[in-house]
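The structure's right below; bear with me while I get my questions together.
By letter and in written order, the chains are A, B, C and D; residue numbering begins at 1 in each of them.
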Amino acid sequence: MRISTILYCIREALVSILRNGWMTVASISIVAVSLVILGGSVLLVMNTGYLTQRLESKVEISVFLEEELAAADVKEIGEKIKSTAGVAEVKFIPKEKALQEMKKSLGSRAQVLEDLEKNPLPDAYRVKAEDANQVPALAGSFEQLDGVEMVRYGKGVVEKLLSVTQWLRVASWTLMGILGVSALFLISTSIRMSVFARRREISIMKLLGATNWYIRAPFLMEGLIMGLAGALLAVAVVYLGYIALVDKIKVSLPFINLVPGEEVFTVVPGALLGLGILIGIFGSLISIHRFLSDKKA
Amino acid sequence: MEYNDSNVKVVQHLIHFYNVTKTYDNGVKALSDITLRIRKGEFVFLVGPSGAGKSTLMKMIYREELPTRGQVMFNGRNVVRLRSREIPLLRRKIGMVFQDFRLLPQKTVAENVSFALEVTGASRKYIRKAVPLVLQRVGMLEKANCYPAQISGGEQQRVGIARAIVNNPVLILADEPTGNLDPDTAKEIMELFNVINRNGTTIIMATHARDIVDDMKRRVVKISGGRIVSDEESGVYSFAN
Amino acid sequence: MEYNDSNVKVVQHLIHFYNVTKTYDNGVKALSDITLRIRKGEFVFLVGPSGAGKSTLMKMIYREELPTRGQVMFNGRNVVRLRSREIPLLRRKIGMVFQDFRLLPQKTVAENVSFALEVTGASRKYIRKAVPLVLQRVGMLEKANCYPAQISGGEQQRVGIARAIVNNPVLILADEPTGNLDPDTAKEIMELFNVINRNGTTIIMATHARDIVDDMKRRVVKISGGRIVSDEESGVYSFAN
Amino acid sequence: MRISTILYCIREALVSILRNGWMTVASISIVAVSLVILGGSVLLVMNTGYLTQRLESKVEISVFLEEELAAADVKEIGEKIKSTAGVAEVKFIPKEKALQEMKKSLGSRAQVLEDLEKNPLPDAYRVKAEDANQVPALAGSFEQLDGVEMVRYGKGVVEKLLSVTQWLRVASWTLMGILGVSALFLISTSIRMSVFARRREISIMKLLGATNWYIRAPFLMEGLIMGLAGALLAVAVVYLGYIALVDKIKVSLPFINLVPGEEVFTVVPGALLGLGILIGIFGSLISIHRFLSDKKA
């Protein structure tokens, strides 16, 4: 492509954008709104992931050991647990510490434990899993280990928590899928409409001997510029909106942890801009196609 | 592939219709078995009652419509068999004045004329020189920066004429180019066409203007009901069928 | 409020332009200080070079454009001062043939003509009778079910004429109604206008057709550069300025 | 309005819908897609509410009583707790039952408790709050009661749970708000575009003496029909989609409880249909307005 052709494209596209006035505004806004929706749903997915991961990381397995094990055996069991795939963290809780904790939790009723001749509680390991879903399986495998008396984890709690986080994941991904497809559809439809409004112009250009590419190029450039403009707008809205949300939540709901802004904005703007440009170009390409058909002419 | 001019040497006629019939989608037969030859450099008037098929005949040449049966040769090439990408090259050789003007509404008068040149790949420099010149010739230089909606019917028609002649086409197809012009302006336009024709450009002009046809004493092809009913060198516009 | 006909009694002239000047947004002065009176039942030709201001003058009457200065009276009412809701009532009294036809592209020929009647609140029964009749009179009955894109330029023009006359308007404003018609068809249309005029309808017709103006021997108002340069009862189309 | 006028409107609208081909299809799809998005987000809000409510209803307060209280006193405290505003359910847990539960939870280690001369555990009431947010306040007020030794509730757990459910509520409502506004915007823009494509037609009609209402009415009818068609489509998609989702989740994630289909579809379809029609009518009204302006003519 010669430089003059590229300049022609850019000039024609800019002129057309200016002269088409509110049609341009409408198209850009549709791109922007759609991408804001999409960007918002991406943020939702990211935050849901973040939140559920943090919640799930709290789930622990308690592995109680048999009484009167040799210190070496205790250590060996600890090594075995550590080396099991899916284990994130292991902490040894000697029975003395366990008793102390029990006394604490019983409060003023604790003196009942003073009567005991010997500590009835066992040594234990507290294990964190990498993934909450693995907890039941891990617990099962620890139960098989020699020297392990009993394995416990908050059975009901884990399942409940998993049900919440699962639901969150399913819902947020589904939503993002639907919104993504809708955004693509809305943008390409709006571009089709703006091309449709100019079908007569296109047919006249063809009659004057313009090649399909000559007609298409300014439309492509126009689509690109409008896609870019819409995406920039969307990025700005999503960015400012998210920053504001994070700030607001930090004050009013301090226990909710959102993905920090910097982390979000390493990927999201690039993705939205890329998507806006692609949609602009392909939207124009596809919509102009039918008006360039040579079937009749 | 370049549209090939070298074939022209073996061809006597610029345009050749072989038994062309055109039936539109809705069943209207606009042309019936038209056979017609036009030599290079001729000036041909196409006359006939409203709805006779004059515009349709012209549309066959620049391939706005395809014939239902028959062949149309232009410059030694079969227009009906052209591949898609050859069509623009055909059209750039033909200057068309449309009955309904067909100006680009979003472009100014000057831009409308420039566009016909830009399409052919003319240089910016050449365009800047050629456009004001041709606008001057049709008396539209003053309105160069107006949009089509801002000028009168006759002015729009003259812009259409300027656009058709600006890239020195081999053939000019003018569909009632003086229908919206007063007799004085029409006469100037006809003089312009005469000059262009003398420089070797073939002109086919559909018209209802009896004065003009009778004045010019050129070939007159009369169509009626989709058939050629008379074809006279140096003819006149006759009332009789 | 009904548009009031009772005022007509005190008025001698159907149309009265008082010092009308029209300058378009882009600074073009299309009409300069026009004063003009037209009596009820007159047949007036508006002639003049392309861009003289004929169409603009007509647009003042049906209020497509407002004058920059001056007043326009129609049927005893000041058109410039009409309220928004009175404008449709004004327009229903006027049949307009537009230079660029302005047919509704999504409606068939018959529907285009019906529309002008439906707008006035005519009954379905009346419409069913009147539309074929008027299409017959302009020779377009056969094409009743075609869309505007499916008929020739001259045919579109005749549909525009049919639409203008179908609701028996007080005034017909015809802007070059024969520009796309062959002499025979043009003559038929002029006879039609004559009949309508004899039945009391005032007709103002902008035209470039010298034959027609000279044949009819009616009042001829000549405009040039936005000014009335001559106004003769039973005039002819003169070349001289 | 005369019947003939209404018939005229309907006829014109239908003819125009048919003849405008894909422009109609585009507008209807945009209405449908936007309403599907909106409907989906309403479902999200409903399910989130349902889920969080169910989770929060699990939060309990344990009120431990002083030792050796008279049965009458125990009963009186129970009455007082029951009559506190915000209490949903009260259950008495005698110390014998508490000991049994403790034994159960200690498993094989339980024989240590056999050595005890007397039951060291207190009688207790387990209280469910109407609203999880009230739990801390209720706990505080129970602590003031005579005869109450100690009040406990899963302090960390409640706050964590509340953080999740709060976040869910905020997110789903925000989302619905954004999507609702976007849907309105998208639909009205698409209607504007379709009117814009026909502005020449409108101006011709005005020149033929049509009143503004005469021109507007078929557009309104068209907007109404298209809004209705889009809404019906949206209701069908949302309905079928939701039924399918509920079925699928029942099988694959049985612990997730969705609002049952019948409950959802008492409100949602009506709301979507109403919205579709309203948007269709007002969208047309607003967009046609500028083309009817008498400023110039």
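Throughout what follows, a residue touches a chain if its C-beta (ideal position, glycine included) is under 8 Å from a C-beta of that chain, and two chains touch if they have at least 3 such contacts.
Quantities reported herein were computed from a predicted structural model and do not represent experimental measurements.
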Response to the item:
Whole-Å distance, C-alpha centre of chain A to that of chain B, is 62
Worksheet, complete the sentence: Cα centroid separation, chain B vs chain D, in Å, comes to 67
Fill in: Overlap residues in chain D, where contacts from two or more other chains coincide
none
Worksheet item: Using the touch rule from the top of the page, what residues of chain C touch 2 or more other chains?
Response: none
Worksheet item: Are the chains arranged, by touching, as a line, ring, star, complete graph, or other?
Response: ring
Response to the item:
Pairwise, the chains that touch are A-B, A-D, B-C, C-D
Worksheet item: Which residues of chain D touch chain A in the complex?
Response: 22-23, 26, 29-30, 33-34, 36-37, 40-41, 44, 47, 51, 55, 58, 107-109, 112, 115-117, 120-122, 149-150, 157, 159-160, 162-164, 166-168, 170-171, 174-175, 178-179, 182, 185-186, 189-190, 192-194, 196-197, 245, 249, 253, 255-256
Worksheet item: If you look only at chain A, which of its residues touch chain B in the complex?
Response: 4, 8, 15-16, 19-20, 198, 201, 204-212, 214, 294, 296-297
Worksheet item: What residues of chain B sit close enough to touch chain A in their complex?
Response: 62-66, 84-85, 87-92, 96, 98, 102-106, 115-116, 118-120, 124, 163
Discussion item. Considering only the defined contacts, which chain B positions touch chain C in the complex?
Written reply: 24, 26, 28, 47-51, 55, 99-100, 146, 150-155, 157-158, 175-176, 179-186, 208, 210-211, 237, 239
